[in-house]
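Chains here go by letter, A, B, C and D, matching the order in which they are written, and residues are numbered from 1 within each.
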Amino acid sequence: MAGYTYVILVPLIPLVTFLLLGLFGRYLGRSSGMIGTAGLLAATLLSFLTAFQYFFGANHVNGVYEPISAFKHTWLQFSPGLSIDMGIMLDPISVMMIVVVTFIALMVHLFSLGYMKGEERFTTYYAFLSLFTFSMLGLVLSVNIFQVYMFWELVGVSSYLLIGFYFQKASAVAASKKAFIVTRFADFGFLIGILILGFYGGSLDIATLVERLTNTASPEFIAITAASFFGISVLTWALTLVFIGGAGKSAMFPLHVWLPDAMEGPTPVSALIHAATMVVAGVYLVARLFPIFSMNSAVLSLVTWVGVASALIAAIIACTQTDIKRVLAYSTMSQIGFMMFSQGLSKTSGEDGLGYMASMFHLFTHAFFKSLLFLCAGAVIHYVHSNEMRDMGGLRKLMPVTHACFLIACLAIAGIPPFAGFFSKEEILLTAWNENLFVYGIGLFTAAVTAFYMFRLYFSIFWSQPFPTHAKQPATAHQQEGSLTMQLPLVILALCTIAAGLVPFSKFVTADGRPLETHFNPLFSVPPVLLSIIAILVAAELFKHGDGRAANIAAGLGLVYKAASKKFYVDELYLFVTKKIIFPFAGRPAAWFDRNVVDGCINGLAYITASTSNAIRWVQSGRLQHYTLYFFGGIAGLAIIFIYLWK
Amino acid sequence: MWVDVLLLMKQELMLVAMIFFILFLKLGRERSNESYISIVNVLLLINLVAGFIGSKQGMLFNEMFRTNELMVLEKNILSLAMLIISMQSSVWLKTHKHVPEFYVLLLSTMLGMFFMISAGNLLMFYLGLELSTIPLAAAANFDLVKRQSSEAALKLIFSSAFSSSLLLFGISMIYGTTGSLTFSQIPPLLTNDPLQIFAFILLLAGFAFKISVAPFHMWTADVYEGAPVAVTSFLSVVSKGAVLFVFISVLYTVFKPLAAAWYNMLFILSLLTIITGNLFAIRQNNFKRFLAFSSIAQVGFILVGISGSSQFGTASVVYFVLIYVFSNLAAFGVIALVSGLTGKENITDYKGFYKTNPLLSWILTIALFSLAGVPPTAGFFGKFFLLFAGAGKGNFLFITIAALNMIISFYYYLRVVRAIFMDENPKPIETLRIPLLPRIALYTCTVGVLTVGFIRFIYNYIHALSTGL
Amino acid sequence: MYDVPLSHVLFVSTALFFIGMYGLFTRRNMITMLMALELLLNSVNINFIAFNKYLYPGKLDGVFFTIFIITIAAAEAAVAIAIIINLYRSHKSIDIESAAELKF
Amino acid sequence: MLLSLLIIFPLLTALAILFCKGLKQVRNIALSGAALQAGYVVYLLLLFVQEDIAVKGMAFQYACSWFEPLSINYHVGVDGISMVMILLTACIVLAGVLVSWATETLSKEFFFLLMLLSLGAYGFFISLDLFTLFFFLEIAVIPKFLLIGIWGSGKKEYSAMKLALMLMGGSALVFVGLAGIYFNTGTFDLLAIAANPIARDVQLIFFPFAFLGFGVFTALFPFHTWVPDGHASAPTAASMFLAGISMKLGGYGCLRVATFLMPDAAHAWSWVIILLATIAIIYGAFATMMQTDLKYINAYSSVSHCGFVLLGIGMLTKTSINGAVLQMVSHGLMTALFFAAIGMIYSRTHTRMLAQLGGLLKVTPFISTVFVIAGLCSLGLPGLSGFVAEMTVFMGAWQNPDKWYRLATILACASIVVTAVYILRATGKTIMGPMSSTYENLVDAKWNERLAAALLIAGILLIGLAPFLINQLISPGTEVIMNRVIGFSK
């Protein structure tokens, strides 16, 4: 489609800004922030244009949104059929994603102008942001599964760089390392998955793969289902491995350990990468290959249960954390859990495709309110100079705007109508209701818990004790709430949070591209909303006054509480495996073996030679008569060998 | 007729003439050592040049003496080596009382070798051998006051006498079983009967002794260490080369019928030699002794070459000896210089040598690399062809062991290089100024080492000549 | 007059040869060792003469060879003794054990 | 004749260096010489792309007899693979000269030996005659001994000796292999041998000699121990050359001589190759994880990365061999860059110990960036050469249907995780983290260092961003090899 070639600019503009800032940042200084933001503004507008053209344009062939390959270039030809192509694929989800990514990124850029003011590496910061935006856009627009992998790695690296932005803080360095390695471990699975799919599917092009592997008659499909490894069909293996990749990026249990630590990075970064965009890449990946996933119920149920588990566990942990960013991190994990399991429960077509649409919808709304939450948290932290709840409280007077926005976001995530979160969560629960009541139960419970911990957060930040009494004094520079550039994004996002839910999402984004009529049933939505409200009230009761009630209950829960607050010891487990098993039982032995055994053999040879030459020195005794004797001996020896033996 | 004789025996006659000339000079009025040295070197140069002119092949004295282009070439190589040695030894000779005698001794040795090379008869061969041995013993004792020198001479004369008596015993048996002493008549009469094999073993031992093949090599190290540097280099290059030439011709022509037997003997002996040489060379500190053992290892490799087919074998051996002349004499040249000027002969003395004498260090290094067989020095080609000729027989176990042994030899050559370049030394050998003659000699050797491999003509010429055998 | 068979003569020569060798291996006096060497050479001479006389009476190769060997042996002995004398100057002994400084 | 100039340029440069006075002159001559070579190589490349390899097989062929009696010829020619290798060599030599600009002691000898090395490498890559190939292979060994021994650091004599001896051992094995080939075909000429195949049983005997021999050069598993010591003690330029080029000599030899001439044996022995390669990859990676010296880290990671080359060759699919070649080039540039960065750091902080370093990003941003880029490249970041190479190897390896080979491939892939671990560890401890106050006033990279780094990074980026270019160069070459492999394997 020639009409869409301009879309290539959407990812390219951030790339250009990245190069600009990266190479000449030194000379740009303060203005670099402006450049980055301006560039992104352009990208955002373009992506809006794309969305408009795509959804309201002509390509609505008999009610289906055709996927459009706007641009494609063979980048690396492995062998006939198998090649990495660089391209741009437009279909409902990718279009939706570029809108989300560019928009949130724009907000974050704006916010950072104020937030990062006076940072030493201001330019670098913006360079990295642009790099991330570029990679994320490339990821969502991919035509080729290997292209996905490449940008997958790139977002990983840019997140690494941004988490480790405060490179002199040991904790930041450790966190960035952890984030990269954990996700890398997952990517290893992803890579193998790709290799398998590529080999059996005979192509790396997503469209082709989907087309071949969803047609049960095609030789590829027969081959991949017929072949089996340890008794499990290769298709299952491949999809599981791919899903592991996704789970790693999306911080699904048990690969979630990196996400909370990732909060070491600057808060806007957390808002962009670790709330709105990168962490949902896993969900996006599953959605991208959803037709193939739907061919294999085993993997789908795996997706479901991983999603459910993550949602629940994360929610419980979130109730116990005291670092506000960590709370948000866990809530992110939990929400993504929702998206995952709703996909796991979905089917490809028509009404049954509800789950797919719901998860995309939730992804959409979540992006807004979660980034809003993070930015608010950023504003608070900027003001208080601390992440800890106990340093906060009673801020509602001091920072009204932030307070309002935060409240809206909380309501949204708690699923209170008419805010965005309500609608999307509704769809998800509906899916669960239709498909699996058990999951529905857990979903319901988790939703309530969500409401609880969010309002715990809300109250203990903005209510409880009056602020200045016990916390350390804020710096005079920040007596007022923060510059316009910091407040504007909050407001905009708040408005979106209110509005986003009203978007007739199912008209545009569905599993099979056909508009889907969602009939809204008020009766169904009573229980969740009711539960949430109750949860909110409980939270208010416990935390509004900031006295010991919460503590008593925590004490009452005892071990459970402790376990939860220690994140169920998953981190400790990982540490044990790496520090106590891999290093001492794989690394050190290898190093030792190399230095002592392998190298020892080589040196041993030399040593043996030397000692032999020392041992036989007596032969050269210096006695003429011995020499003559040897002479005679030689002759005798030869004579014996060749006259008696050799015949 | 007489013209033929003159032409065929030109090199021998020239040597005789030179010997007598030097003796007459001695009879004449007293001269300074310098004048002797310069005169002799000029003579040697003439001899060398003349060697290349008007060579033809033929026989004399019913096959007692035979010559062909290859032999002429071999003799020329030897006289080249002789010239280089005499130039190098000038530093040491200047201070010596008996210059003419020294030359008379060495030249008569050369004469013996020449006769040996073109011997067509066991008697002639024996005479040549003895003529090339006995004066050497005297020459080895030429540092009259040094204990070691006379000890070396003693060991040389006794063990060579012993070996030659065994050789004679072998010859007598050959004579007994075939009834002939003429090379051309012996082969048809050789049957593989034990007595002949035994006789051959005795002869082989005689040769092995001269080219110091284990276990007949014991004298080598001691004599090399004790004898004056000049004599040592003469021993290691000229006499070894000469005997090698004879050895290959005898093996390939006279003892062809026994080939099956001697191939296996060479197999055993060469491996034994390479290994012994290497093992002993590793831990030497005296430079001459070190080179003695390394040269033993070299001989081992040469035997590998000899064990190959006749033409390729001959060619590679002659070629290697030519290269060996250059590289070994380059090394000995530096040593002669250093020991002549400072009296230091230990490898440890050479630590930090590069700081003070970069030029000499490079020459020595190049020489050692050539001995080790590292490209682009000629030694690489020499060794490659030797092993290659050996591989021609298809005995790859043999080649593999030999090739792997090169690692050890690399070790000890590089050890010296390390001492020269890398090791620290509080008081290294002081900077030496190199006199003219040694300088020329060293340059010649270095140029030779660096170019012989690349001048295609040389190897191809030798290969062409080798068909004669 | 041919009642002494060749084998006997060869036996004598071989015996002589090994006696000489034994002498060379065991005697410590250099002069004695030199004499032992002479024995070796003489055994060879006997061989040559015997072969010539018994097997190839027609030609005289063996005899000539013997003559040459004798002369050369003389020369060898001369040089050897010269060396020994010189060695005696430095070592003050003609015991072969004393000439064992160059080793290893 | 075009190609012979590749040998003549370094030779002339070396001689010129011998005859010039003073540090300044030496440097300038060396630099201009290296630059000249690089320029000429680029010119060659331009000519090369116009040649049609499909017809000739080898471009720019020139043959003249050297030792007629033994049918030894001087025969040169290039295909895509060797062309790429030559480019690599030129690039690294230039960078090496730039990096070692500051060499004060015996600078004349230093640059002379460097030129000699490059001569050997060029000769090796262009020669089509096994004799000349071997000749140049050995030429490229001994200068390293001197470079490490004289200008090195740490226990340099030991390392130098070890390196020289092990490499010589390797070439001894190669010699046996070559001799075997010669006496069964009667010629040394690669193309002639390729034209009439060698008998299978003969191949089976001599393939291991050739492969192991070259394998020693490219750090085949049990024979890799010269790598850590050698690299650790070598001066920067030498380690760049060592890891960048001479380890590639081995890989190229394995491909061009062992696999190309003895395809049946390659098939028969491939399981051994793959076994050793996999061990090298995993075990090298784990060993790296434990190192505390930057140079040792890079050395061991080289062992692991060269494992990919051997794996690619062992898998014997077109893609995997493409990957092997790509990996050679990419690893060459990458390690060279890494060593350059380490050298720069070392020359300033005088330590390579992780424990003593840290936070350098604050004072020396340029060097740190270079370091990070090298690191990211070696952990296979898309957009840099490492990614392209490794992915091609994996892709190709996966195309080999054997189940156990699949397993090996998976293990090899697993190494990307371990790689991430040690690279991030090194980066975290060197570039990031708190900085000791003693480094407060370090100066950032000089112009020569910046130039060198820029050169190498440019190469890495070029391959990383436009792999299709280099791929077009390589694939015809691998095509030819694969045709033989497939042709005889049936």
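Just so it is clear, a contact is a pair of C-beta atoms (placed from the backbone, for glycine too) under 8 Å apart; a residue touches a chain by one contact, two chains touch by 3 or more.
None of the values given here were measured: they were computed from a predicted structure.
Across A-B and B-C, it is B-C that has more C-beta pairs touching. For the pair subunit C and subunit D, the distance between C-alpha centroids works out to 65 Å. Spacing of subunit A relative to subunit B, judged by their CA centroids, is 78 angstrom. For the pair subunit B and subunit C, the distance between mean C-alpha positions equals 27 Å. With centres defined as mean CA coordinates, subunit C is found 97 Å away from subunit A.
Subunit C has residues 24, 99-103 in contact with two or more other chains.
For subunit D, residues touching at least two other chains, in rising order: 165. The residues of subunit A that reach two or more other chains are 606, 617, 620, 622, 624, 628, listed in rising order.
Of all possible chain pairings, those that touch are A-B, A-C, A-D, B-C, B-D. Of all residues in subunit A, only 606, 609-610, 612-614, 616-617, 619-620, 622, 624, 626-628, 630-631, 633-635, 637-639, 641-643, 646 touch subunit B in the complex they form. Interface residues of subunit B facing subunit A in the complex, by the touch rule stated above, are 154-155, 158-159, 162-163, 166, 194, 197-198, 201-202, 204-205, 208-209, 214-216, 218-219, 221-222, 261, 264-265, 268, 279-280, 282-283, 408, 411. Subunit D makes touch with subunit A in their complex at residues 162, 165-166, 222, 224-225, 228, 283, 286-287, 289-291, 300, 317-319, 322, 359, 361-362, 376, 379-383, 387-388, 391-392, 394-396, 398-399, 409-410, 413-414, 416-417, 420-421, 424-425, 428, 431-435, 467-468, 471. Across the complex, subunit A meets subunit C through its residues 617-618, 620-625, 628-629, 632.
Every residue of subunit C that touches subunit A in the complex is listed here, in rising order: 21, 24-26, 96-97, 99-104.
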